[in-house]
Amino acid sequence: MRLKKFFNLRKIIWKGKILLLAYDQGIEHGPTDFNDKNVDPSYVIDIAAKGGFTGLVLQKGIAEKYYDKMKRLKVPLVLKLNGKTSLVKGDPVSRQLATIEEAVDLGAVAVGYTIYIGSFHEEEMLVDASRIQDEAHKKGLPLIVWVYPRGSGVKDIKKNDLMAYATRVALTIGADVVKIHPEGSMKGFGWAVKSAGKVRVICAGGSKISEKKFLKMVENYMKQGASGMAIGRNVWQDKDPEGLSEKIRDIVWK
Amino acid sequence: MRLKKFFNLRKIIWKGKILLLAYDQGIEHGPTDFNDKNVDPSYVIDIAAKGGFTGLVLQKGIAEKYYDKMKRLKVPLVLKLNGKTSLVKGDPVSRQLATIEEAVDLGAVAVGYTIYIGSFHEEEMLVDASRIQDEAHKKGLPLIVWVYPRGSGVKDIKKNDLMAYATRVALTIGADVVKIHPEGSMKGFGWAVKSAGKVRVICAGGSKISEKKFLKMVENYMKQGASGMAIGRNVWQDKDPEGLSEKIRDIVWK
Amino acid sequence: MRLKKFFNLRKIIWKGKILLLAYDQGIEHGPTDFNDKNVDPSYVIDIAAKGGFTGLVLQKGIAEKYYDKMKRLKVPLVLKLNGKTSLVKGDPVSRQLATIEEAVDLGAVAVGYTIYIGSFHEEEMLVDASRIQDEAHKKGLPLIVWVYPRGSGVKDIKKNDLMAYATRVALTIGADVVKIHPEGSMKGFGWAVKSAGKVRVICAGGSKISEKKFLKMVENYMKQGASGMAIGRNVWQDKDPEGLSEKIRDIVWK
Amino acid sequence: MRLKKFFNLRKIIWKGKILLLAYDQGIEHGPTDFNDKNVDPSYVIDIAAKGGFTGLVLQKGIAEKYYDKMKRLKVPLVLKLNGKTSLVKGDPVSRQLATIEEAVDLGAVAVGYTIYIGSFHEEEMLVDASRIQDEAHKKGLPLIVWVYPRGSGVKDIKKNDLMAYATRVALTIGADVVKIHPEGSMKGFGWAVKSAGKVRVICAGGSKISEKKFLKMVENYMKQGASGMAIGRNVWQDKDPEGLSEKIRDIVWK
Amino acid sequence: MRLKKFFNLRKIIWKGKILLLAYDQGIEHGPTDFNDKNVDPSYVIDIAAKGGFTGLVLQKGIAEKYYDKMKRLKVPLVLKLNGKTSLVKGDPVSRQLATIEEAVDLGAVAVGYTIYIGSFHEEEMLVDASRIQDEAHKKGLPLIVWVYPRGSGVKDIKKNDLMAYATRVALTIGADVVKIHPEGSMKGFGWAVKSAGKVRVICAGGSKISEKKFLKMVENYMKQGASGMAIGRNVWQDKDPEGLSEKIRDIVWK
């Protein structure tokens, strides 16, 4: 029965909040995000462990090859199921590259899937994500959707409307958590949180900015109802990832 | 055998009439239709219960997350199986996002599916809807189709012809109820009802208009042979949804 | 074994001839073909019964909703498996909307499928029709193909060549009966019959014309080797369908 | 195990050579290739039997409808699995219309499949043919591929290069015999035979030419290493097909 | 469990290095790469055996037809699963032509698959490769991916960035070895090796160049962290393949 669906969400939630370390940029952006240190998954797995993140976002290749370290350090795995390179132009599409069965084998605590609403290929991702939602829930795995408005359909639409649309789509297809990249106003973000209903909203950290600015941003999101953050570059590109992680935790769990 | 097919239709019919509360706009239009109150599914579920609707139209995400309230208030669920955002331009396509198995698990009393006839992608929706019809009937679930003429194929076609075409397509593929958005004349609507044969025709309420105008419209549809209404914004955007629902019921079951 | 394949053809053949009443226009043309009487499937089922037709061509929706009447009057059902509206422009494609399993459940005596040769989407219909041929024969059901040359590929091709091509395609994919809409000369039609080999050729009646002209046309087709007719509008748009049917029978079984 | 794969090739080979009668033109070219005699499959089956051909190439429709005659005259059937009309313009695609299961049921001794390399749709045919190769070999059926360079990709490529490319593709995907339509030089044809490795190369006869010219052509191909011929129009359009067949046999088995 | 995944990699690795003889050019380039000697697979199988290669890259057709020789000489088979001709223009796509089941039947020690990142059809190849990775690992077969940046998406991207992107994609989807065609600087190649994480990087030999230049190139790649080479034309187009192979081995296993 459907009532068992939310049991495992607690595996990535601690005291009601979610703090993910995002490390799926290798295929999404290419290695240009990396330097000699953070190009190595081991380095980032260490940060996830020491930084107290409630989940580390990886695709299956890294999750498999660095499985032993993940286990040893007890880092909770969020398996990102779809992916694409940034090379291909035009309306984006990102398709399923790993199965729920593989997520289970790898001991994932949640699965992730990106939907580009407004893209000409939106339908394919809505179909995939909806099927995955059902499969994941049957295995007790929560679904985190990255919902990003992209492509020819989002021109001339207000950023606040897009944010709220993104979270509502997540609610509609039955995701448990939605990650968005807030681009409108803080008030607009609050409305997006409302539009999500019972779905938890977490925010992308985006590209590296100053610590002060970044922490302020996190604080603002949390005040407006965010359930947490999914941060990548701002942490593992930092010279003191552990120190920064502590400051972030202080805000998220304030 | 096929003879068992219509058993469950009575679950959404009361004294021969159907009155649905439509709340699938979150993905179809985005949250711009909502305000601080009706953005919350709980608010709308309450209206469905108190307003005496014979069914509430939801997609699977909301139906799952608000399952307990739906059960407690005994609101009959019409599970909308397909969906798309309004962002994507061009000839529309809306694909299946929830399965019949999920509808059964959620205790739905009927399933819904939208077909855009005249769209370049019409064929995909006809194929999906026809397969769903068979699957749904095997599980004792009636199929309600939303048939909307859209896309490059409907230019220069008379509105009355499109209305009748819509209901006839519903008859052809074996739907049990067809929801249309009447845009031609009242006489044309009567002809559309005739073209539907044994399929029941219900009408969309459309965007919010004055109560007087709205109730007159409902009355006219019912006089021309409609089997009921599927209303959303005119009810849950109203300041007194319960009161308005009562007035609607008085007309539908006159 | 394949030798059992033609057993059931006799169910739609009487003394070597086939006379079908076609009533699939609701989705193919829209209800514009209908008037207040013949818009009602019951009216047409009555004609099929009284007119002595060896089969009535319906899609699954009507076949299901009017199943009781079909059974009571013992009207042999030819289930049309694919369909599309006339709204969509460009090279036509018509896809499978009902299964062989459904045809069996409905007690069909044959199944029908339309192929638009020359259409850019020809391949999809050839693939579908070929698979259906195998499935249908395994269940003892003969396959009637409507083969219509349409789309960008048929420009500048002679009508006689198209007629013969249509019937030969039917032979090639293993259909048992081919319905064509003869558009070339009578001599060309004779050649099309020859090109069909052991496949029986029947002719479409087309849109309503004068009785005299129509009966003469039927006579000519039969003389050139047609195995019968599939007539719709000329019969059920007639003021005396029963009387006209009798005259047609006299010619077909002369 | 794979070692059983070549057992049945001997069913279409006699003393190391292959001589096929091709009669798949009905769908590939339309009936314009035919006259009053050879439009009838029975006529051509007789030629195959009396002419001593090691195989007759048919699609499933003719193979089924004329199954009894094929059996009685013990004509070995090569079932052509894919097909398309010549009406559709643009880069060609030809898709599977009959299954290996049907080939087995019909007692085929080999199956055939056409690949248009250089076509924009090449990939679909490579995928289909490769899958069919596996399925056919599992049932002990050899695969004959027709490999024809066609479409936008073959412009400005030398004919000799295309010939060799065609036979090498056949080797790469695991076909047992490749039929090509040689269009380059005789030396180029010899190179194409070498490029085929252990795959046997047979040549298309093409459209009707004078007997003298035709027999000379056959002789030249055989000298350059062809394993035989697949001839259609030059035989069954001839006024003395049996006599001509004898002359061809004399050359092939010289 | 996933921990068994890397067992068989040792079958193509010797003392930590990989040296493959590539012979998949027949379909990828056409036979224009070949001469009278190396057009014959037997000749190349001999080189693989005598030259001490840790694997010979073949498609299924050659692997099957020359199975006995491969077995007799104990040449380890790397089965290339996808392929396409070089004729088709536009953004490239290469699809799966052989299954993991076939690879197992043929006794392959690894499977290969080509991905064209940056191509408009990238998604199809990412999906296929990811599924194959899972299937292959379940059967104990390592996956070697050829990752080549191609098509409209790679214009204006720096060669060094493309190299690193290619190896990172291999890591992301879980390949065990990635073959690239290095086109940037040696420093860039080193970065690509780093970006690959635990995935081994091997280099394509490319078209025939002078021995001196070629060996220098191999040496440089090995110094920058390559795990080996996959060489074709430079070896089997050489007048002394055995001698050259020895020199290559001396560098790779220095």
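By written order: A, B, C, D and E. Residues from 1 in each chain.
By our rule, contacts are C-beta pairs under 8 Å (C-beta built on N, C-alpha and C of every residue); 3 or more make two chains touch, one makes a residue touch a chain.
Everything numeric in this text was worked out from a predicted model, so none of it was measured.
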| item | value |
| --- | --- |
| Distance in touch steps, counted as few as possible, from chain C out to chain D | 1 |
| Shared interface partners, meaning chains that touch chain B and chain E | A |
| Both-way neighbours, i.e. chains that touch chain C and touch chain A | B |
| Equivalent-chain rotation between chain E and chain C, CA atoms, steps of 5 degrees | 145 |
| Cα-centroid distance, chain A relative to chain B, in whole angstrom | 34 |
| Cα-centroid distance, chain B relative to chain D, in whole angstrom | 55 |
| Where chain B touches two or more other chains at once, by residue number | none |
| Chain C-touching residues of chain D, taken from the complex the two chains share | 26-27, 30-32, 34, 36, 39-41, 59-62, 64-67, 83-85, 87-90, 93-99, 102, 105-106 |
| Chain D contact footprint on chain C (complex, rising order) | 1-3, 5, 117-120, 122-123, 126-127, 130, 133-134, 149, 152-154, 157, 161, 164-165, 168-175, 191, 194-195, 197-199 |
